[in-house]
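Next come two complexes, and both contain chain A; in the first it sits with chain B, in the second with chain C.
Let's look at the complex of A and B:
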C-alpha cells in the first residue's frame, strides 16, 4: 500500500509503517502499537485502533482478541486540574 | 518497499517450533535477559541460547520505565557499574544501528533540607573520586539549569551533566534484533510453567513451557518482578517482591527541559523525552504489594500536585497517558545476581529495585562474562542471594520512586 495512507493521525503512522512492523515480526496489536507508536498520541488510539487492527490482520499478523490497553485519562487533562483534585482529596478525608 | 528495509526481519519466533534442548535458557525477554543473551552469543557463538517471554517485548518493566540512565549513586558499586552503563548507552545506537533517542541532559537531584544536602554532598564526593563530573550547586545555579524550577525552598542540588534519558522501547528492540542476528532463539508468548531438576533436586534439567519442554543445564532468571514466582517453581524463596510504580506522560512540548529533575525526599522525578513529552513519576507508599499493572487516579493527583509545585509553569500542560509497571524490590535495596548455592545451573539477574533498565547494559555484559569464564566481577559475590543467609547486606540511599 502507498506510504501516504495515514492510519494514526496523532503520531503520523502510515499503512506502510504497520505493514513493515508485521514483516519484522511484530505480529500482535500491542507489539505493533509499541513499534509504530500508533495510539500513543492525543486521542490514545480512539480514532485509529480498529483501522490498525484490520491492517495488521491483512498484513498477516495475529487477529487481536482485545483492543490495546486503554490508558487514562479519557481526554487530556491539565496538570493543574489534577493537582487540584489531590488537594481536595486531602481536605476531605 | 523492501529496499527501505535495511535491517533483516526479527523472527520473534512464536510461529517457529520451540527447540527441545539448549545450553542456556534465559527466562524473561526484558532488557536484562536480552542484554545477557546478546553478550553470551557474542562471547560463545557455539552456545545454543533460548530467550523466553510470557508476553510481547516491552510488556514488562522494560517497556514501562521512565528511561532514566544515571551514574549518580551513593555506593561505590553502583557508581562504578553505572558509569560504565552510561558509556554503553552512548555507544548503543552506533553498535546496534537503532535510534534509542539517547540524550545526555544530566540528572539534577534537588535537596530541600540541610541533612539531604549533606547526604548528596557525600555521594558527590564519592562520585568525583570515581571520575564523574558531578558537582554540588546552589539554588541560583539550579535556576540557571532549569529556569522554570521553583528554587525558593531549595537548599542545594547535585548535577551530573553526563546522566541522561533514553526511549526504552527501541533499546529493547535493539538487543532483540542483535540477539537474533547472533543466532539466539527468541520466543515471545511462551510461558514457563515448571522447572525440572535432576540429581535429587540438585541440578537444573529442563524448562517446561506452555509450548513444550526444553532440556537445559542452565536457566537465567531475568524476570524482574516475576522472579520470585519463577524461583518458587524450584522451591527457592527469593526475598524480593513486586511493587507497582506509576508513571505518566504529557502532550509533547518544544524541547526546553535539559536535565531529569529528581527529589529523593518525595520520590518525584520528571524529564523531557526526545519526543517532547514530560515523563515522570513519584513514590507512593500507599500501594499494596503484588503484581499489578493497573493505573490509579490517586497517582495522577499526587504526581501532578508535586510536579506543579516544583515547576508551576507545567500546570497548563495536559497529561495524555498514564500507565504502571512493577518494581522488583529487595529487602536491602540491592539486586540478586549470580548462581544460587542450593541449585546448580540456576542463575539470577533480578531484584534491581526499579533501576534494572539502566543497569542492564553493564549487567548483561558482566553476567555473560561470568557465565562463560566462570570468573565474575566482585558484584556477583556482593549481590549474591546468599547474603540474606549470612547477613552481609548492602546499602544504597539514592533509590528513586
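Let's look at the complex of A and C:
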C-alpha cells in the first residue's frame, strides 16, 4: 500500500484530496463532497463525514452548519423488496 | 470454514483469524470490517450468488457460499492493488486523461471494468409485497433510549411500535463489557440493564418489531426493511433513537483490516471471539477502558490505551501487524507489534432519519448530531422527538431521563389532540 491517509474508506478519498480541494477554493462541506466524492459510497458518509468536516475546518474551510443531505435509504435495501411496493400490501399482524 | 449457526458471517470469519474480506473501489486497498454493526463498507461479500451482502448482519448457515468481490486473485493478494502504487499521490479524476477524447474514452472503458462493487446476481430475486402498520407513536431504535421512550409512551396510553434493526433489543448495552449505573443508582452489568428495559417495554404493551431497520422517512410514512419485505408505518409521533456509531480516525494505515472500533471489538468478545492476541487501543474513554479490562481477563495482551495524537501510523500487509507510537515527550516513534488495533474516535450520531423527518442537525465541532431538548427530546419538527446518542447525549441516566420525557410528552400531546377533536365535535371525553 502507498502512504495515503484514507478518510473515506468507501471511495478511497485521502486527507491529501480534501486539503487539495480546500486549497482550490472548495471551502464548504457540500462542495468538497462533490469535488472529492467523500461520503458518496456504500456507507453514505457514516464513517467519514464528521472526520472530513473536522479536517475541512482545520484546513481553513468553513465550519459546517448542516451535514451532507442524508437521503434514503439509510441502510441498503434489495431492489426486489422496493420493487414489491407496487403489489397488494398485507397488514402487519 | 467452521461457524456457529446463526452468528454473523463476518464474526465467524474473524473467529478464524480472517479480517481481510474485500478490496476498496478505487485503489484496491485491503478492506475488513470496522464496525460489525452495519455502518461501514468493510464486510461486503457475495453470498450464494447475491452481491454486496453485509456479512456482519448475515447469519451463518451450513453450506453457505461466501465469495470475495472485485479482485483478481484473492482479498489477501489482489493484482488490482497495483492501482494504489501507480497513483501514490492519489487520482485527480476531474482532469485525468482529459486531454484527448480517444484516450479519455479508452480509459473510461478500462475504469468501468475495474471500478464498482460486486456483480449482478446469478438468479432472479423475487419481489415480495410490502406490509403496512399504523400506530400513535413510532420509536426508531431499540437501544436503552428507544426502549425507555417506548415504555413511557405506551404507559401514557399511546399505541406504540418500536423498530429494532438487529435481532435483539438493548443496543450498546448488550456489548458493553462492564458495569453501568442505572436510574435507581444501582451498579449493574450492562446486559442486565438491557434485559430489564426490554421487559419493561414488553409489559407496557410496546409492539417490538425485531430485524426491522428503518431506512427512510417520507411525508407521513416511515419505511422499514425486514428480511424479505418492506414495512410502511404511519405514525402520529416519531421518536428517533438511532444511537451513534464509531467513525473513522485519520492516521496512515487506519483503513487496514484489523483496525476496528472499540465497540466492534467488544461486540466480537460478546460472540466469544478474541479480536486479537495483542491489541493496541487508540483513543480513550469508558469503552477503551472496559475493552482493555475484558481483553486482559481473557488472556490477551493490551497496548495502550494511547491518546489519538500519539499514534502516527498502522503498518502491515494485507492486515495490521504493528503501530507507530510517539509517546508524550519522546523524540522518536517506536514500532509496536500487534494483530489488532481498536480505535475510539468521537462517536458519530446516527442523525440521518431524524433529519429526513424534519429535525435540525448541527455540528458540535466534533460530529453532527440531532438538535434536541435534553429534558424531553423535542426537536425543530413538532411531531418528531430525538433521544439518546443520536442527539450527542451521553451517560445512561441522562439519556434515559430524556427518553422518558419524550415518550411521556408524545403520549400527552396525542391525548390533548384527541381531546381537542372530541371537544370540537361537542362530545365529552
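The rule we apply is simple: the second predicted complex is superposed on the first by the 84 of 93 C-alpha atoms of A that agree within 3 Å, B and C clash if a C-alpha of one lies under 4 Å from a C-alpha of the other, contacts with A are read in each partner's own complex, and residues count from 1 in each chain.
The rule is short, and it goes like this: contacts are C-beta pairs under 8 Å (C-beta built on N, C-alpha and C of every residue); 3 or more make two chains touch, one makes a residue touch a chain.
Worth saying up front: this structure is predicted, and the values here are computed from it rather than measured.
Novice: Which chain, chain B or chain C, is in touch with more residues of chain A?
Specialist: For chain A, the partner with the higher number of touched residues is C.
Novice: Please work out whether A:9 is in contact with chain B alone, chain C alone, both, or neither, and reply first, second, both or neither.
Specialist: Only chain C is touched by A:9; chain B is not.
Novice: Would you check which partner chain A:23 touches, where first means chain B only, second means chain C only, and both and neither mean what they say?
Specialist: Once the two structures are laid over each other on A, A:23 reaches chain B alone.
Novice: For A:74, using the defined touch cut-off, is the partner it touches chain B, chain C, both, or neither? Pick first, second, both or neither.
Specialist: second
Novice: First (chain B), second (chain C), both or neither: which does A:41 touch?
Specialist: both
Novice: Check the residue A:56 against both partner chains and state whether it touches chain B (first), chain C (second), both, or neither.
Specialist: So A:56 meets neither chain B nor chain C here.
Novice: With both complexes superposed on chain A, which partner does A:82 reach: first (chain B), second (chain C), both or neither?
Specialist: Both chain B and chain C are touched by A:82.
Novice: Looking at chain A, which of its residues have contacts with both chain B and chain C?
Specialist: Dual-contact residues (chain A): 16, 20, 35, 41-42, 44, 71-73, 76-83, 85, 87, 89.
Novice: Looking at the complex, which residues from chain C come into contact with chain A?
Specialist: My answer: residues 24-27, 29-31, 34-35, 38-42, 44, 52, 54, 81, 84-85, 87-90, 92, 94, 117, 125-133, 165, 209, 213-218, 223, 225, 228-232, 245, 247-256, 317, 345-346, 348, 350-353, 355-356, 361-363, 365-368.
Novice: Under the stated contact criterion, what part of chain B meets chain A in this complex?
Specialist: It is residues 1, 4-5, 7, 9-12, 14, 55-59, 63, 169, 173, 188-189, 250-251, 295, 297-298, 300-305, 307-309, 314-323 of chain B that touch chain A.
Novice: For chain A, which residues are in contact with chain C within the complex?
Specialist: Touching chain C: residues 1-12, 14-17, 20, 35, 41-44, 46-51, 53-55, 63-67, 70-85, 87-92 of chain A.
Novice: For chain A, which residues count as touching chain B in their complex?
Specialist: 16, 19-20, 23-28, 30-31, 34-35, 40-42, 44, 69, 71-73, 76-83, 85-87, 89
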